[in-house]
């Protein structure tokens, strides 16, 4: 009900251990820190002297793994994966890492992203006799890599050719009997960072996992880069694919954890700056600023600091809503039952409120929150959104509704304001948003706002 | 690890329905809103035309109940209970409501509090041949009530005598075939409020459950009051026990939800005021104020507003730490693994930080958080605690460590400051705290701070 | 569907250990051997230096206990209980052993049987203020014992008085801090045997549990006997209640395991003899004898040996029908789906078949089995039942249908034969049955056949 | 402990429905009747208008499927599979049916058997770039079929070529969008039968599933036959592979259900005849014959009838030993704990006993049973085994121990007799066994007895 958000599809974590670390537990805690990137399924595969042991299941990291399983998963390297829960059917078969045997032995692959020419490659492979057991892009990558690998001695060379064939967004971790390989797509759409702990190398979708684990952040994997770790060294291979930067800007808006630093930008800071920009672009005369927890809070701080309007803690969020929670029926909701958010009346009553949220996708949730604030006595509610209107679908690993369900794809801002019942509504501008994460290092994909996709997309219906 | 808090023992919720409400679902959502008061076990009992149907189990509300169970629990009245998880052994037998048969038929009882002369009463009853199947005070109350009931025609009269015999803190809901009865102890130590929805009456430990359910808040149950609802009316009985107000002030500091209003005071406002008082009592020259999430946030707002020092969102809290999470081993912790809290580096680095927390019990957690802030680059960390030093055990329904483990019971403030590694440490004064919830209506029990228990306590070892 | 049987209500097992046995595991295996006496719930309580630890839950013995639980249940004495699943609602609260605290400390009780004046005693206790938390007789016994105990120094003396007050069938095991006590009702209705292993004494509902555990069978507990084991010795107390023997004859017919020896009679032998008697009382000209598995097999052997008609293995029984099995719908059954029993066609086809079953309660199952045999090509099916017609309800611990559902309570044998579609039908006579277990030591209760209850029964509706 | 048996690897069941049957429930009950062929995992896949829905999991049929799942699995055709539990690791990934997408759409495959040149084919496919996600032969068949399929228009033609390439034992069910295909290997090693219900065709590993479901038995699928059912008709294709019959004779000895008829022979009858042959080949002067339940019972009947020695029910078998049962520790076993079998003393005591068992693999169990009989008072125990000495491993779908653990592969009969403690020991002869299932229609594989494998076996270590 209060969950009108775009959804990240995955997070990956991996470690190549030259020390006596407990790789499965390190990966467990790493995935745990990345749990916000996917709550549907999780998995860990370890390389136990050439044999790959693994466990993957539907559920949250803490539900799937216990001490017995983690003790079983002994190995000198490990990769792990968290996957998000779509609204539709979830298949256990799609859980990752994908563990396969091929002509060079066993291999495990974990993937965050979306291949945009997957159908075409799948068709090509099927016509050569390949069978598929899942609906995941990861299996397509594995099948393609395996077939291309025949021609090459080194997996890196095969990967190079794979990267020339596949299009889209991908951050990959590949564990072979002797290597741990990290790959980031040529546009650098999905994040991937390198860390170090003593002599071991660690990879993660986000740096927040390093902080929680006492791992030293080294740098981002660069767009189009292949990094190969083995027991002797770590090597960087710049692929031959043409590179231009198009990092997903929504990572900063909503997906990533505020304490992560991606491509040189701390997520919290980007959000805070968006609040500052918003205050300048859409000033308003009001008494208090409230952020919608949790992703609207940083921008609310920025808005308050820039506007001088007092920041208040306006909401109580019930954190006990787990996956087995029975959502209130329509009838219950009409009786006024709303479980997740409750305004703090003293902070709202009689006030002109600026309500900051990170995004507005279908608009259903914003309408409810505005209504809650009004019932709690807000005299006015001015909604400010720290991302531009979402008008276009994403084909690069984010679950967006069809365009017809994107409220900003179909209505004017004034119409949206009217529907959500706000006294005013302001979105940050595209330029304004861009300014929050400009650092000269990366360009960004803002296709969901401006429709300018950084590449041709074949599989539009695939999403 | 980051959980150095006192623990509330329970929450209760009940409804007597004159309408066509779905009482079990209403109670489910009510308990869900009270889940912060107890996560060990939960239960719902309904009165189905004189038969009491119930389900109670170890676990969270959303885990125990599903649609099948809630459909089974049909009845015109219902009571529910959430119970907290002690560090020691948890017994399914102690889950509530307690459902019994006695000479007047079936009865269900839900209890929040602690009876301080329980051992004495238990012994007395045992000497008369009573058997006990649980270790809960609730069973003692039920057994006593049943025995006393023999003499009286009306349960209210029996309750009156029971209340003369039992000492301690208690908010009770009792469901009989024809009545729903709410009782608050003569000191009003534990909260209990009345709500109304159409012709139905609802009771809850806290008003936040009413907000979430569209229920109109009516008033607090008064200390020493018995309220009896049946199909015809609602009656208030002032018991004959001497009453003086001694509401638990820790409800405002930590236990209750910030959006609840208890005895006329909104919890968030009380905490915010505590921040203001703290800023006055223990000013400091600093750059930023951070609250330890979640219970330190409101006071941090107050401190910031009173001191003019900027409030920043200083921490990321990982919310996925559920009951099945494997806590990092000592070895892992030494490697730097800390899962729950992570500082937002940009807000902390190079800053002199005021860190606000609601209480400091054993001191172990504060030490870790101070250390995290320093590692994140804080130049100074000034700890301010929005409650006075906890020096004495509670015997009224709160799980406190033994006195020897209460750091403030054994050390000077300077010693504590040294241990937790803070640059300065300030606690709010007893008077300062009291001023945050003074409204002329209630007096407060502050025994955990000042040792002045509002009654003689027999069962000191019982806790 | 193929389950038209009377149901035993419980089994008990206990050990007082003077050796280094693992009492919880011994009890686990003991209960496991008694699982046929009850599959609804099971429990084990151990006496750990005066503290009683226990675990009881809905489910089968092997489902409830694992190594972690059994390791936790350490103690020098232990009692356990299995309970059967009624067709109606099953309550976790009724699981046993019942563990209570009373004026003399902790106590655990496990009970097999039914108290026939339970309502009266319950009412009496309630009028004195007692509360009840379950619907089991065990709690009534415990409450009564506790109240009577006030007057006595020794529990044995209190038990003596309890036995003068309660009527009905009961085999009890009581574990106190220092003793293990076994009690059998004055009529000896429910079985209870004593075993010995080195210096330890063991009690069990049936001797089969001793065989499986390498325990030496000592003797039956005698009707009206109290046996007290403590660390020094074992004592027998003959209660002052008038004793006459009225052991339940249905234990031999169906409830007990064929390899058990009760009151001097091996169950298998009694069943075998019933087959011999049946062959004499109801001879028939036929080609083969088949027993309905499993309880009809022994009598089929006897019938074959006495009649000279060849015994054949006529049925395949699907043993995988567990508690989660989805029973075929009416529609499926009409399509011919029958999962439990399948005739072995080669043994049946073209033959005149004598089909031996142990009892015929509602008649529904017999009808289906006769039909299966005919479909498998039987030329004639002659049904012989190794118990007399069940015409009366049992009030002594057996779950019998209401009289109106007892086919023999309402129809003539010819009518029954017609309904089940048999070519002839013969029941063993009361005298014939009695002759199978006559040993001069015991008289038997045959009330379900002849309506002669061995005592007045107050709580007829209670069943 | 009492489980010294060879293990069948799988059972398959399928239905192509032209009627309004509930295919998932029919398959559920079908698999349930085949549960003895595999208890590790089970799965059902249905064809819902071209989309394949499925559920497969570790566990028994009745544990995996409930009404919600069966309602979800709606389709006009369905195939199901049960898989057995190896002693080593069990992988959820190996559960069947295998559901794949390939160039011609979706396909589900269920397989019973073992491909003896699997390694070679796998290597060949891997060298062409194929990846494998399981360790099952089924995936190899699917991958090979998919690759070969490219060349052919009709799947039948592709299957024909697949059958020329793969060696070994296999009964396959393949469900495509429009067809249900059944395949039996050219030697007919694993059973597969056809049934009919109204206009629908049904396939099953054994006919017992038909009996339980009211399905008419039509005939066996012939060795090397491909049967194709679609909505219009049923066609039989005789493959071009050379056929000679070599049905697995162990199906009759132990694997199959006694009520099944395979290749014209009822399993019970074959076992019964083996008892007759045994009595002639190894006569003995004794008082009683007992069969070891359940697979030794039919032969015991035969032995008794042929020898005139009385058949008695000698054992009680505890049927509650489920998968969660805690096996007695070595220490417990030394104390005499034996849970599964208990002799009926009255039938054994003082008797000279002939004990009939179906096979003797490692010898450990027989030793224990002989000992139990002696402890129960048997004067002599003469062991007769209704299969010849198992001396060679099976490579055709049966889990046999390594040769060094096959007692008859390493010892003389006299040595075995001595080890198991029997007074005499007799195995049926190869010719004797063969005579029990000779019907002119089939030849049999008896490689585990005589080492004459019906084909070259490449993957000897594979087992």
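Going in written order, the chains are labelled A, B, C and D, and every chain counts its residues from 1.
The working rule: a contact is a pair of C-beta atoms (placed from the backbone, for glycine too) under 8 Å apart; a residue touches a chain by one contact, two chains touch by 3 or more.
In this text, all values refer to a predicted model and were calculated from it rather than measured experimentally.
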Chain C against chain B, contact positions shared by both copies (same if over half, else different): same
Averaged-CA centre spacing for the pair chain B and chain A, given as whole angstrom: 37
Geometric centre distance via CA averages, chain D-chain B, whole Å: 60
Mean-CA-position distance for chain C and chain B (Å): 48
For chain D, residues that touch 2 or more chains besides their own: none
Chain contact topology (line, ring, star, complete or other): ring
In the complex, chain B residues that touch chain C: 98-103, 123, 126-133, 142-143, 146-150
Of all residues in chain D, those that touch chain C in their complex: 21-22, 25, 28-29, 32-33, 35-36, 39, 60-63, 65-67, 70, 197, 208, 211-215, 257-259, 261, 266, 268-269, 272, 297-298, 301, 305, 310-313, 316, 318-322, 324-326, 328-329, 332, 335-339, 342-347
